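Here come two complexes built around chain A, the first alongside chain B, the second alongside chain C.
What follows is the complex of A and B.
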């Protein structure tokens, strides 16, 4: 254990800070909801993909082709091709796809039907909206059209789903936490405050490697400042709904650690003292999502999940339903995610250290005696 | 003892004692490793996997006198010795482990080997080597060096042999006439040095203690007191105290502890290791660093937590160990509310007031509880359609059967006070929807919950007398029998007069005549 206590002065400072913060909890009983506060840490996040057992209803043409299948169709192996017109053409198309036209001979299948999982983001039941399996109408989740028939995103074992969950355990970059404060009753409370943070610690696992409640997370008050957002919410019959806000959230992908930007983000979560489970929704920044995918989601992963990013890009722009640019092209797309949290104790940093940034040369930290 | 008495080593009022037998007992794995760390440096680390001793009269330490060595176990010792010998001759370590350079690195050098084995052999054997022993180690090393054309590899052969020598693996105590008391026997100086060092440091004597033995100082009250005070002031005392309480609290149970992951998902192997460490940290902090009252171990709210333990305690905890104080009003106080005690004395899927009560009686109060009779009928308790809603209901059923009630009346009323903690030590207020009644009684005193139990333990005279008994037995290597009662009562009185501080008790025991007295066979 001593070795854990060694490290950089910054690490030592944070351990000290955390220890001090810990004493702030000393006067409280050992219950997750303490002084009107309860913390949760994200453990599962998947695109909300509605799937029928055989997939024929939503994907009557089957699943889409990926890079390998498309390459074979465009450049049959029994013909000769030069590098510029084959390999490099495909690489260019992935990096800078034509926003409208696909290469002749290639087809992209969007998810069909009017059934999808998600939230009603705009309070309207308009053409193009979905209804959900649990009876909702006006569901806004246009990205389901894009991802619904791509193997990578379908359950139970699409590569994207697998890796997002895997990196949830392996990485800290994507440690999203939600702290509820001003909670009088976890079952019903008309006014609670919801704050998002990034955590700094590993998730707590049981002996079988499953996420469990009761861990501790320190807030990343330095490099995670951009992820800190506060909104209001209400709890009705144990379900939390939040007032929409714009957020940036960290995500870990196969080869990188991108950030996604969501407008009008909100959650609808069933709360317990050990966890929270439900949906999150909002309008996702298409260009940032596409950039993140091409930069961090290698051809290797796209091939195994049969995912054509350039086709997805065109489909996203086609289905985009919010926040148009000056040319009238919508740049954001309604999206839904299924998410799960586990209860966690959140340790707040010493305010003096939290203010210390590289720009001040650590002066605030030094002044605080850390 | 007065300060004057401490300074002079003068003893008063110690009752006459027949002493304890001289022993032949096996070094434990930790004693072996701690000794190697002192002699060769802390980075000479191996995992020898020595066989565990059998718990005898409440202590593993007493079981070491009943240990034998099978051929398979000898192989483990040999493997460990081989590993150490190779580490010792490593070129990087030669610089500081060897005080001489051989004339040639590819041939025997009797003079350099003699210098090496004289120094190392004394520390490993816990006494100076006899000329014959020294010659044998040097000769074997020389023959091997010539054969292997490597001075150091030759040396390694003899180091390996030394480390599996019965004289090293086993402590053989020897006696001599006590000049202060006609007809009486006492441990010789080296046996006394070893007994002191194994007790206080859980390791073989260091150079200074052996020097005091060689000079005869250890056999004088003043000289022994000086050495004991030096050892009590040493950082190495922590290892000795940890080893003693690990034994007294039967923490070897952690080696076989398992919990049902379906019922207690937060309890893992790391949790178990941390639980053991938590209690030992509190023991060391309270009894050594703070020189606290032993009884307060059972009421203190101060502890240390790790992230894994925090998940059981339902508390926040930063990475690494952190001091923590359970707040006033918390249901936890004292080490019996630690995960260590609560988890080791419970079933894999549920709590057990009986196991907890038995452990309290046997481990902390030295009050043995008889095992259940062989013909006991468990059918009503093992019925899968149990009619009992709470654990209290289950154990109360025992009291209806006179065969069971005799022992359960001793154990259960104490253990029930810990029912607010489940099988791994997490707090609970309800069981199967029923509010838990954590009231208990102990020797006629009624109390509510674990806090009351801790206070009852604190106030019970058996708590300190048990520690005294265990400490003397552990240090001397013999179970203290009835004939030792006056001596133990004397130690307990001295202990109490000086605030029940552990170092005081250790000093009283190790400087007593009884500690070095050898019982006539």
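What follows is the complex of A and C.
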């Protein structure tokens, strides 16, 4: 009897300890920060556009014309026109814009003033730089001059903003993830490693369709190698800042497989265990950006938000502020984005599977003639 | 099999640095197999012809492919034909309709004085006096008062581009399809012989079998004829496609019993499965697992010797022997009869506007034709080597001044992109109107991992 009681109490103790251990393990397994690592997945990304309530300060001439309005100005409806000289003239200009001159009769309004949202990319406060509403100086965000008075990009309901958000949810091609490792303290840590990946899975949504933390994402180690990049960062008072690196990221657009090249890319993000929010900055490759604009969202879609790509291209070249070509023409333009992430558990590939995949960084060929 | 080469081309320098992902989508043996179809009663003078990519299609007595023009919703209205209501007329159209946003209707069409009527490009398949309906074949009244044949209510036509049995050049490259490509014509054919649980989808690789819910189906190299060896751990990754209890075999489809009372479909004696981790449907993802293959009812002919499959960040594209991504040009005009403009015999103004603002010299820099090597030759109908005049964009004879010897797919030249610098680049994919479905270039996508290219 005594031994039975003793055995019974031992069993009880064992079960209790086991349950506690299991609970502790389960609790640890659910912790966003585990073994010095925490993952985030991008859920929102928009050009950093500074807007006053009525828009008159930055866009005193109003918003720009788009393809429909320009077409009507150039080719009035009460006159006869043919496809080649009107429609195809416009499309040729979209694809191969004149780098300097617009068609007579058309105008393009750049955003005015010295106020913009963004980061100081070069550590200098020089002529042409902006100051920001939160008191920063030396802000480099020249793309704001280009997009600031284009309806597509202005909040809260610019058409492009809508589509980017929509395809952020619908697509996996554009799934950008950021993994922090070597994290001792999410509030303050002078040395963390930041790695970018493309994820493969859908974003986690609540019943109302809002993005929520706690999902899982597999890394796309197969097709997304060119998007994997690593840099260092530091966390001060809960804000992560990263060391600039050059990256390629998959863009969020309706069609095709667009990507952007960014030099000196970095982020400044307020971190929590459930998400991250802040700014992204860098110098965008203008050629690639123009390719994205024309390739994956044609004139029809650009008409929604009164966006003239050829005028934007000229404005990009005019405002380009970095990385000149051999002729001295800058080919990159400083840019800023407002971004939001949700915490996610990042699943690394099975080493056995990863070993079987090419490790070459992307460009690859195989004889297909059979 | 895996290569590592560096190629410097005169027009485009490419660094081909490594290997593509192994593809297990098909086997050499599968190329000889043709799609099974449901035998249906036809009026006299018609036949079923097997076309390389499209599979079995209806043809007239001379072997010319028959086409239909179903209604397609476009941005500002519909185009195409309702069942029993042909509209393709013998009156040439002179202006645009405004169906394609954002441009208005009423613009004079290119080469308007010589623009053919719809019936000149798409001759209706006329029915003789006294022709009687047979099965799904009926006789309908054309817009010009003539009687013409229809299949399943859709009026039938031939294409002036088709010259011989097995040609289906009337169908444009049609990529990405839907409202982005205008209302294009498609070959008419008998239904595929598949049980209701399954569907067939056309890819540039061939006719892919899927479940009716679009999930891809797969076969396993370790299975034996009508016997599944996928058991235990294998079933954690792949699931047998179960057959209903009372189902009967159908054509090439048989039923095996996995265990007592559990039946599984087999196609051509190979048990079929779905891939449990398939993300986008249909896909080739399951075929990345060694020993597993997608199932095609009919494969497209092999690509020309030396052509390559190249990895990109979104899947795989076809590349030439130097690793350069190959592009197809799509074009459909905005007239009410929605004529194709992607063929060299058709107006070139659309293409020249986008690649060179009307300057053909510039087009040879932005989108050069893919020149055929001296020793290269075609071994199929859909791929051919032809001669083209780059100034006019027309097919010409070999000895004509300035003629270039180029590769053609579906009787249309294929292109390279002047902006591509390395293997795997596809900088010109989607270059044009409506993501290039309407007027522009798409890369020759073989595998579309993220479903972004409408293929």
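Keep this in mind: the second predicted complex is superposed on the first by the 326 of 370 C-alpha atoms of A that agree within 3 Å, B and C clash if a C-alpha of one lies under 4 Å from a C-alpha of the other, contacts with A are read in each partner's own complex, and residues count from 1 in each chain.
Definition applied: contacts are C-beta pairs under 8 Å (C-beta built on N, C-alpha and C of every residue); 3 or more make two chains touch, one makes a residue touch a chain.
What you see is a predicted model; the values in this text were computed from it and never measured.
S.K.: For A:56, decide between first (touching chain B), second (touching chain C), both and neither.
M.R.: Touch partners of A:56: none, neither chain B nor chain C.
S.K.: So in the superposed three-chain picture, is A:232 touching just chain B, just chain C, both, or none of them (first/second/both/neither)?
M.R.: neither
S.K.: Name the contact category of A:215: first (chain B only), second (chain C only), both, or neither.
M.R.: first
S.K.: Looking at the overlay, what does A:201 touch: chain B (first), chain C (second), both, or neither?
M.R.: Both partners, chain B and chain C.
S.K.: For A:83, is the partner it touches chain B (first), chain C (second), both, or none of the two (neither)?
M.R.: In the superposed model, A:83 contacts chain C only, not chain B.
S.K.: Going by the touch definition up top, name the partner, chain B or chain C, that contacts more of chain A.
M.R.: With both complexes superposed on chain A, more residues of chain A are touched by C.
S.K.: Quick one: classify A:259 as touching chain B (first), chain C (second), both or neither.
M.R.: second
S.K.: Is A:124 contacted by the first partner chain B, the second partner chain C, both or neither?
M.R.: After superposing on A, A:124 lies clear of both chain B and chain C.
S.K.: Touching chain B in one complex and chain C in the other: list those residues of chain A.
M.R.: 201
S.K.: In the complex, go through chain B and note every residue touching chain A.
M.R.: Spelled out, the residues of chain B in touch with chain A are 261, 265-269, 277, 306-307, 310-327, 329-330, 427.
S.K.: Using the touch definition from the top, list the residues of chain A that touch chain C in their complex.
M.R.: 67-68, 71, 77, 80-84, 86-93, 95-96, 171-173, 200-201, 222-227, 250, 254-257, 259, 287, 291, 294-300, 303, 357-358, 360-370
S.K.: Along chain C, where are the residues that touch chain A in the complex?
M.R.: Those residues of chain C that touch chain A are 1-3, 5, 15-23, 28, 31, 75, 96, 100-104, 106-110, 112, 176, 180, 279-280, 288, 302-315, 318-319, 323, 333-334, 349-350, 353-358, 362, 366, 419, 422-436, 438-439, 449-450, 452-454.
S.K.: If you look only at chain A, which of its residues touch chain B in the complex?
M.R.: 1, 4-5, 14-15, 18-19, 21-23, 25-32, 201, 204, 206-208, 210, 212-216, 218, 345-347
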